[in-house]
Every structure is written in C-alpha cells, then in structure tokens.
C-alpha cells in the first residue's frame, strides 16, 4: 500500500465501472509526515475518509477485494485512515483530533 | 484510477485483443486542472468520451471488469467522464458545457 | 495499452514460460509520432508485426487473455499494429505502405 | 520481489481491507547493501520482521497468495527476511546477529 | 518481459511465500547490450541461470503461471536465458559460449 493525502473530490456523471453511489476522492501520494509529494490518483473511498486525512491506498486487483468493489473496474481504493506513523523510533505523523 | 485527457484516436486494423468494434482513444495523463502532463496511453473507450474531455482511466486487470472487456487482452479503459474536480476546497476543473 | 516500436528480436533457447514457438520481439516505447523514446520491453508477438512498425502493447495479466498466452508466464504482448494516430485533430502517424 | 528496509510502523484504526490483527510496517526500498533509497511503502508483515531488517517485498496480486492475505485488499507484503546478499561474487549485505 | 542481468544471489531463511527450495537471484535491469542499468529486483530462478547471464523477467501475476510458482506469493521470475538480441538489424548481444 502507499501513503496518500486526501485533497479533494472528483465527480463523474457518465461512468461505466459498475459502481453505484461511490465517492471518488482525489488523493495525492505523501511522505511519512503527511506532506503531499508526487502523483495524484482518484481512489474510491471505502472508509469514510475526509479532506486532509492521510490514508492507505490499495491498487490493482487488490482494490477489488472488498464487498463494494468486487468485480468492478476499480483499480484504486482507500482501505484505511492512518492514525500514526512511526519512523526510526519517532512518531512522525499523528492524525489530528476532531478530524 | 488516474486522470487523463482525451487527445486523439488510434486506429489498428490488425489486432488480437479479442475486441470487435471498440474505439481506441489516445489519452494523456493530466493534472487536476486538466492540463496535459506526462505519459500517453491508448485506452478503450467505454463511456463515449470525446476529444478534450478529462476522463478516469482504470488499468491492469481492473480494465477487464466490464461486459465489453471481460477476458479480453485490454489493460487500459476509460471508465468515466469527469465533470468536476475539487482540490483543497476549490473547484479546479469543470467540464465545459456543450461538450 | 502503450505505443511502442518494434526494433528487433530476442532469442532465448532455455525458457520456462510455457510458450512453444512464439516470437519475442524487442520493442521500445515510442511517442505519438512513432519516435523511440523510453524503456525497452520484450513482447510476445500475436499479430505478425515486423521491425519499424508501431504497435499496441498490452501488459500484466491482460497479456494472458489470448488463446496463445492463456495461463502462460507472459506479461507483455503485442496486440495490434497501429495504422494511424490522430492527435489534436491532426494525423501525426501513419503506417507506411508496403510494410 | 524488491529489497526494502523496515523503517517503522503504521497504525490505522479505521480499515476496510479484510485484515484483522495484522501488523503494517513502513518499509523503504533499499539498495543491495541495505541502504535506504527510493520510495516508501506500507507492507503487511508476514514473517515477524523488525526495524532495520532488510526484507523481500511481494506486490500486486501476488501479495494475496498467502493464507493470511487471501482475498484481502492488500497489495504489498513482506515475504522474507534477507540474511545475505551476494553481488558480483562479494557478500555486500549480511544480517546482523542478534536482530 | 524485461531484460535483466543476473548479478548475484539473495538468501532469506525466514520466508512466507510458499516456496521451498527455490533460488532467489539478484538481477538488475539491463540495456539491449547486456549492460546493467536501472533497478535491482529479486527473481526466483526457473531456468538454471547463472551470474553474468542476460535473462527474461516476467512480473506480476504472470510470475505465478508456472508449476513451481502457482499460487505462491512470488511476483518476479526468470523465465528465459537470452542467447541473442538483434536491434535494428544488428546483433547487439550474444551469450558467451561456455556459460
């Protein structure tokens, strides 16, 4: 999985991916401190994540291994909201309270 | 999924991907404002998209999870036409009317 | 799919990919005008393509969705020979006659 | 597989990947001498690896080919702890004792 | 498939990829003349290849389409030993005799 930050939303009315009622979030790869860095992806949200949150992104066929995305033309999903990242013995990211 | 802009068409008469009558569009990865940036891909169109539109691209095995591409040697499809992208609270892309 | 140009051949006598009698072509990613640019790949030819031709490359599990490559350890195949590419309303590539 | 170094841990309380009780480690791609270099990934640990160890990372659908990750939305796992790497006839990495 | 050169070996005693008795080789992507260039990968050897040889690497789910790797957590295998590469009408690589 990769770390990414939720930075927005994407609306697409004409679709053919088999998904009804899903929420497509704009995410951007981020570093271990939650700083945006790198590519943007459009990920289907499976955990109710919101803007500013650091999330875990699962890609490829693994993105279809959930009840909601099973056999759907989806290759990128948010599978977790990150609470805390520890790197080399230090807490380098902590989810802000109230988010 | 990634964001890409439809920039053209690709015609291939000799094919062996199992698809009959599909439309292969030339797309190019784009940023959240719809500006072309990065790699070109050839994607099978599943939503009737046209030149200049920003679309959602699904790749890999997920590209085969539609009725039209099931068990076909296709690894890149257009699964949606993007109407609106919001980034950090601002609408940064909106599909032009009449397109 | 990606666009690539056929630039040569690869011969491997000791193999364990389940393929008998296939032709492995050396291809190189190319731009929309057919100019070589970027990475080289070794692709199994499924359409009788030849040197100098611009082809469509399908990768990953999608490369196995043909009669010849079904359940084989092949991750890259040539699924089409490109006749024409149109970009932004202009024909930027056209297959030469007699090839 | 790729070589990576275990550099930390990631905690995510809200998840939807089908995994219960797994340990998500922060790993970073490393060179053949075990020096961190390149991208960070979040990998599910399958071998009881710890910080500072060089590990083998399996990605994509292959990450689901274990009892623990079967049909789970996981695309990155640690499948081995590296003891020794030999490059061009020289041992360039050896796991420290007591780790 | 990609071209890579066998440059060494990787030993991992604690593993959880389902493979017993396999040989993990350190390979490095190479150009069409067999010169090392680019990323290192750890590939399971399926063809008895040795150091200095140029090999064909199959990745992703295709790496599991062999008897030895079927349903194993392996995403990178050596499927062939390259004897000869021809590029633009010239033989640019030939396997040395006696190897």
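Here are some notes:
Chains: A, B, C, D and E, in written order; residue numbering restarts at 1 for each.
Convention: a residue touches a chain if its C-beta (ideal position, glycine included) is under 8 Å from a C-beta of that chain, and two chains touch if they have at least 3 such contacts.
Just so it is clear, the structure is predicted and the values come from calculations on it, not from any experiment.
Looking at chain A and chain D, no chain is in contact with each of them. Think of each touching pair as a link: the shortest run of links from chain C to chain E has 1 of them. Number of steps on the shortest path from chain A to chain E, with steps defined by chain touch: 2.
Interface of chain A with chain B: the two copies contact each other largely through different residue positions, with under half of all numbers used appearing on both sides. Superposition of chain B on chain C using C-alpha atoms only gives a rotation of 70 degrees, nearest 5.
Centroid to centroid, with C-alpha atoms defining each point, chain C and chain D lie 33 Å apart. Chain D and chain E have Cα centroids lying 21 Å from one another.
Shared contact sites, meaning residues of chain E that touch two or more other chains, fall at 60-61, 63-64.
Read around the assembly ring beginning with chain B and moving next to chain C, the chains appear as B, C, E, D, A. If you check the complex, the residues on chain E that touch chain D are 7-18, 24, 26, 39-43, 51, 60-61, 63-64, 71-76.
Within the complex, the chain B residues that touch chain A are 1-3, 31-32, 46-49, 56, 58-66, 77, 79-89, 92.
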